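Next up, some structures in structure tokens.
Two complexes are shown next, each including subunit A; its partner changes from subunit B in the first to subunit C in the second.
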Partner chain A sequence: MTVALDKNKVPKRTLRFQISEKQLPFLLVLPSIIIILAVVGLPMAYSLYLSFTDFTMTNAKSFELIGFQNYANLLFKDRLFWPVFGRTILFTTLAVNIEFVVGLGIAQLMARAIRGQSLARTLMMMPMMFAPILVGFQFKWFFNAQVGLVNNLLYTLTGQPQLIPWLIDKNLGFITLLVAEIWMSTPFMAIILEAGLLSLPQEPFEAADIDGASSWQKFRMITLPLLMPFIYTAMAIRSLDIARAYDVVSMMTGGGPANRTELIWTYVNRLAFSGQQFAMGTAMSYITVIFSCFFTFMLFQNVLKSRWAGDMDE
Partner chain B sequence: MSEKHSFSRRDFLKVSGLAVLGTAAACAPAATEAPTAAPTQAPAVIGKPFDGKTVRMHAITGGSYDELYKIIPQWEEKTGAKVEFVFKGNGFETDKRLVQDFAAGTVDYDVCWDHSSFFSQYVKADGLEPLDNYFSAEDLGDFIPRLVDAARRDGKLWVIPRHYDISCMHYRTDLGIKAPETWDEFKATAIQVSKDNPGVFGTQFAGKEEALTGRFYEVMTAEGGSLFNDKWEPTFNSAQGVKAATMFAELYAAKAMPPDMTNFLWEDVANQFVGGLIGMYTEWFGWYGYFQDPKASKVAGKFDIARQPKGDGGVHGGWAGHHGFSITKAAKEKQAAADLIKFLTSVEGNELESKMGILISRQSVWDKLIKEAETSTDPLAKKRLELALLEAKEDFKTPPLIAEWLPLSNILYPIVQQIILGDTDPQKGLDDAAQQARDMMSKAGYY
Partner chain C sequence: MTDETTPKKKRLRRDRWKNLGADILLWIIMFIFFVPALWIILTSIRIRSEINAFPPVWIPSGFSLDSYKILFGMPTPEGAFGLGGEIPVATYARNSVIISLISTFFALIFGTMAGYVFSRFKFRGKNGLYLSMMLARAIPGIALSLPLFIVFARIKLSDTLIGMVITYVAMNIPFTTWLMDGFFRAIPKELDEAARIDGCSLWEAFIHISLPLALPGVAAAGIFAFLTAWNEFALAGIITRTPNSRTFPPALFEFTGQFVSDWRGMTAMSVLMLIPAIIFVALVQRQLLEGLTAGATKG
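This part shows the complex of A and B:
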């Protein structure tokens, strides 16, 4: 005996999700989030975990959790951490501000150039085309005490042999690193600021012309306020970039001699790899990253404020 | 009003599957062309001891190092095995990779390059196989004993020495310099040479990293000091250590050393010497060919060499190290690996390396070389070889064979730099370094 089944009467067994319009975007980006968590999140979480251990390269199979001891040692016992941290802040502050002033000047000139803008921009950006390690090597040679370009130039100008130890002296070493960093990265600041200058509306300037405003007044009262979102963005990017300066410093001085030019990332490298205190190096990295996050948050708050102020002015 | 989307479980699985596949495709390495020919396999030859086996090798590379690898095909032919290089890099890169591999447990090779200053780290990480069962006393009989001693730790043999390097005093005869007998004499001579020869510095040292720690260690031990006592407590802040550090500081203060010396490494000091800017200094034998090359060197034929000065301890300086090969604990072909190492450190291998001016590890090859040098046109050829052999037999001193040598160096050298530059007093600086070293050794479980 056969039984004929009416397919239409068999209920189709389906489980259906009800997804709101608000939930759909989250669902669509979920695969990306999972991948980012796996590729970025897990290693970060593991390195954070390591920062709470006594892990070194030679005790990789028998390390133990030691809580916040690495952090406490760095913040309260390590004699180099705070001087190095302070030097990094000073280095970043000076480099960013000098790059800003010089970059703004270059951007103003470039924005007003009538001919040869493309060539000028290409030439201006050339320092950015060099790998930082090559820039470090080049400046190391410039500032070599015995055969360096700078001392030879001074010898030519003064007629007296000059053996200035640029890379060794406490203050000069810091300044030479600044010079190299500024030379390499000012074009970045200039190009962002020039883009900002070229995008500014012309009406406020025309109105100021009618009111008889001087060039300085126009610059201070119109250009700078309108340019602020660009300035903050460029400074935020450069600050983070300089705060993790490593290649140039490593090549020119290696943070030395006698820790005189040590910045935070050369110190991390010294601790984590040369000194094999891997967990301590990781803890220092996290302290630095937390400070950087706070700094970036503050800067972007200012970007938003300046943008909001610009909208209100309009 | 929010519109409701209907999304079945099947739809969800489809979307997720596509996303995963897409991601996998994006993350996959770019497609590469199929190799034009299959990797060559050792032909199966009856009677060859390691037929069809592959020995994987983690090696150092560089001009003189690579020459030795050219005889590997002979070993492959003899044994039926193949050698595959899994990594080649300079010494520091190789060390860094080895430390990381042993820490991460990712060792997939049988033989690794090794160094007397580094192997203790690998032993502590439980990464090496003791070699005592693979090398008999007869196998080791021809090696210079101090080199083999420097490859032992905890009563076991870990490295088979391939070649070594040690330093001797290089001094300019065209400036009328006489070889100093003691470090005190060395200091006085260096200061005088600087005064008498404008544009020439009396001496120099490589002024940073392990290079500086090693030179400090060398002078201090000659003065009778030591880095540690038998309980592994730091003792380099002793009177002998202070005397050694003070010598560096006084030479710098007297402008008898280049002003940027604390930024110099090996190639920098060698370039200073060939540039005619230095009166005398202690340097590795390995640079000899460069110094005597008239195309590259202003001092070719204008210098002599001597045993390193003695200190108050009555011994000569002799910081030294040797390169060699080890077998990893994770090795799959340990017997074949041991046989390969025997071949590379054989008389034949040593003779090949010696032709490039490298100081090799076998006594019999030394005897032959010294005899051949009697007919050389180079006036220093025989003296150089005899001196290098004498120093290997009597002065050869490695750093302490502990995994903490490089971390110790990392503590010590910035403080020796501070002392040289006058940032701190020698006693205070070394006391500070000793305290840091004690903390490090305590954390490492020594006490």
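This part shows the complex of A and C:
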């Protein structure tokens, strides 16, 4: 340490203020911490406070603490809350699992040495460049009952005019939202898993070939375990972005008609702005935060374990 | 080539059919991912009457750039239909570019520094700090938008470019840190240590030794930060209210009326939104992949 301090006597490279080697790491992290605290930490704390009040836009000057009443209202009185919550859980579970399975399948197909591999990869990365709001617009248009691509295709194929109300029917709406979400996020899974497959060592596979293992056995016993770090990475990044479904849903259906396709994220918006219940909206938003953090925590734990295998702090 | 080393001819032939089947399946899947994007681009240059036609017109009889002219308020033979000339598209584009570029720049500086520290030092509370940073990123935009809306209104930052820049810097730091941590991990610590023995300070070792080697990672992180800011809707939709600071995503949302939608005008706007994203991703596609998987391979 002292060696480096002595070095500061050399005129040109000197830092103005004397920073000891021990402080520098903290100074390097400090700006990030300050900005995150200011833009995320403090507002979220404020929002936590608001969620215990009866704050609305119209009584912004005089509002009162009402304890857990907003949460109690949501959990026990609100007739929409539980259906919306259940639908969100179903939606995320289905989306993440389908994306994973399909992504792994595509990764397997792409990882074989084929002609046009890089072209295929570039084509597939297309959805990664789409803003979620753009994905929403695209599918809203494709599934439009009158002029949509899907109904038009059905008309041309069957010869009968099809006016399937994709976005208006409860179940069809859910499925179209799921299709949009999967279209948007699967390529990302596939790309990461493909990178993983390409980096696997060849020896275990050769050994398995000699032993006469079937492809399924090779996949189950070699590929999958070795791929685990990549699966964690993909899942972790996915978990950070799960709430992007908000953009897609608000564009495609806005949670409607009559709340039939509402998810927890669009419900926050509805309560706070359309419903004029801002404090209730903040309470609902805390429920989405808990949902996201739980999801992130579950998936992220494993990533940290594999990445920091050597240097946990204890 | 490796197929030919397989002894049995029968098996070889079977593998060939299997491979062909897999190829076809793969290209069908690629098609599904690519065609919607192509369809949007094609529609933006089609003739208006053919888009809403019934029965559907599949083969266009001609193309026109009118939708783009309308978007930018230029005179067209069909008049200002739909989106019309009042939409300040140029202003939205300017806002989007300024906010995305500046916020990316600062997120990269701060996130890289933090990533370096996480990759090189052990200290108490490191895991906790790291996890809380990631959780900060996991907070849904819509949940953050409510309090930010109020706070920004109080301190006169709502509907300003600077407010959006600060917001996106904060949003992008955690993921940049995560990526850079992975990249710095892939660079041997010994390089830093050798430089230190030669008399470099810690700061010099970071700037002159590790950072240049991690530049591909910075590029990848930059793409992610840029795309996040460029594509973000949940916060922008609530904090930006007027052309003062409104970006493309909320602007696109604005145009989807419930009953009348100018699909072609919107596809034109979508293409405008897509162009920078495609250019950026095409430039650093390979680094992107390395960046995302850097941490995983170091297991």
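The working rule: the second predicted complex is superposed on the first by the 253 of 314 C-alpha atoms of A that agree within 3 Å, B and C clash if a C-alpha of one lies under 4 Å from a C-alpha of the other, contacts with A are read in each partner's own complex, and residues count from 1 in each chain.
Keep in mind that, in the parts below, contacts are C-beta pairs under 8 Å (C-beta built on N, C-alpha and C of every residue); 3 or more make two chains touch, one makes a residue touch a chain.
Predicted model only: the values in this text are computed from it and were never measured.
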Subunit B versus subunit C as contact partner of A:F81, first or second or both or neither: neither
Touched partner set for A:F52, first subunit B, second subunit C, both or neither: neither
A:K61 touches, of subunit B and subunit C: first, second, both or neither? first
Which superposed partner A:I35 touches (first subunit B, second subunit C, both, neither): both
First (subunit B), second (subunit C), both or neither touched by A:G275: first
Subunit B versus subunit C as contact partner of A:F100, first or second or both or neither: neither
First, second, both or neither for A:L24, with subunit B first and subunit C second: both
Contacts of A:F91 with subunit B and subunit C, given as first, second, both or neither: neither
Greater subunit A contact set [subunit C / subunit B]: C
Touched partner set for A:T288, first subunit B, second subunit C, both or neither: second
Common interface residues of subunit A - those touching subunit B in one complex and subunit C in the other: 15, 19, 21, 24, 28, 31-32, 35, 146-147, 273
Subunit A to subunit C touching residues, read off their complex: 3-4, 7-8, 13, 15, 19, 21, 24-26, 28-29, 31-33, 35-36, 38-44, 46-47, 50, 106, 109-110, 112, 114, 120-134, 137-138, 140-142, 146-147, 149, 152, 155-156, 183, 186-187, 191-192, 195-196, 199, 229-230, 232-233, 237, 239-240, 243, 246-247, 250-251, 265-266, 268-269, 272-273, 278, 281-282, 285-286, 288-289, 292-293, 295-297, 300, 303-304, 306-309, 311-313
Of all residues in subunit B, those that touch subunit A in their complex: 2-10, 12, 15-16, 19-20, 23, 96, 99-100, 102-105, 121, 124-126, 199, 207-209, 258-260, 262-263, 272, 275, 277, 403-404, 406-407, 409-411, 414-415, 417-418, 420-421, 423, 443-444
Contacting residues of subunit C [partner subunit A, same complex]: 19, 22-23, 25-27, 29-30, 32-34, 36-37, 39-40, 51-52, 54-56, 58, 109-111, 113-114, 116-118, 120-127, 129-131, 133-144, 146-148, 150-151, 166-167, 169-171, 173-175, 177, 181-182, 185, 196, 199-204, 206, 227, 230-234, 237-238, 248-249, 252-253, 256, 261, 263, 266, 270, 273-274, 277-278, 281-282, 285, 289, 292-293, 295-299
Sites on subunit A touched by subunit B in the complex: 14-22, 24, 27-28, 31-32, 35, 54, 56-61, 144-147, 161, 163-168, 253-254, 256-259, 270, 273-277
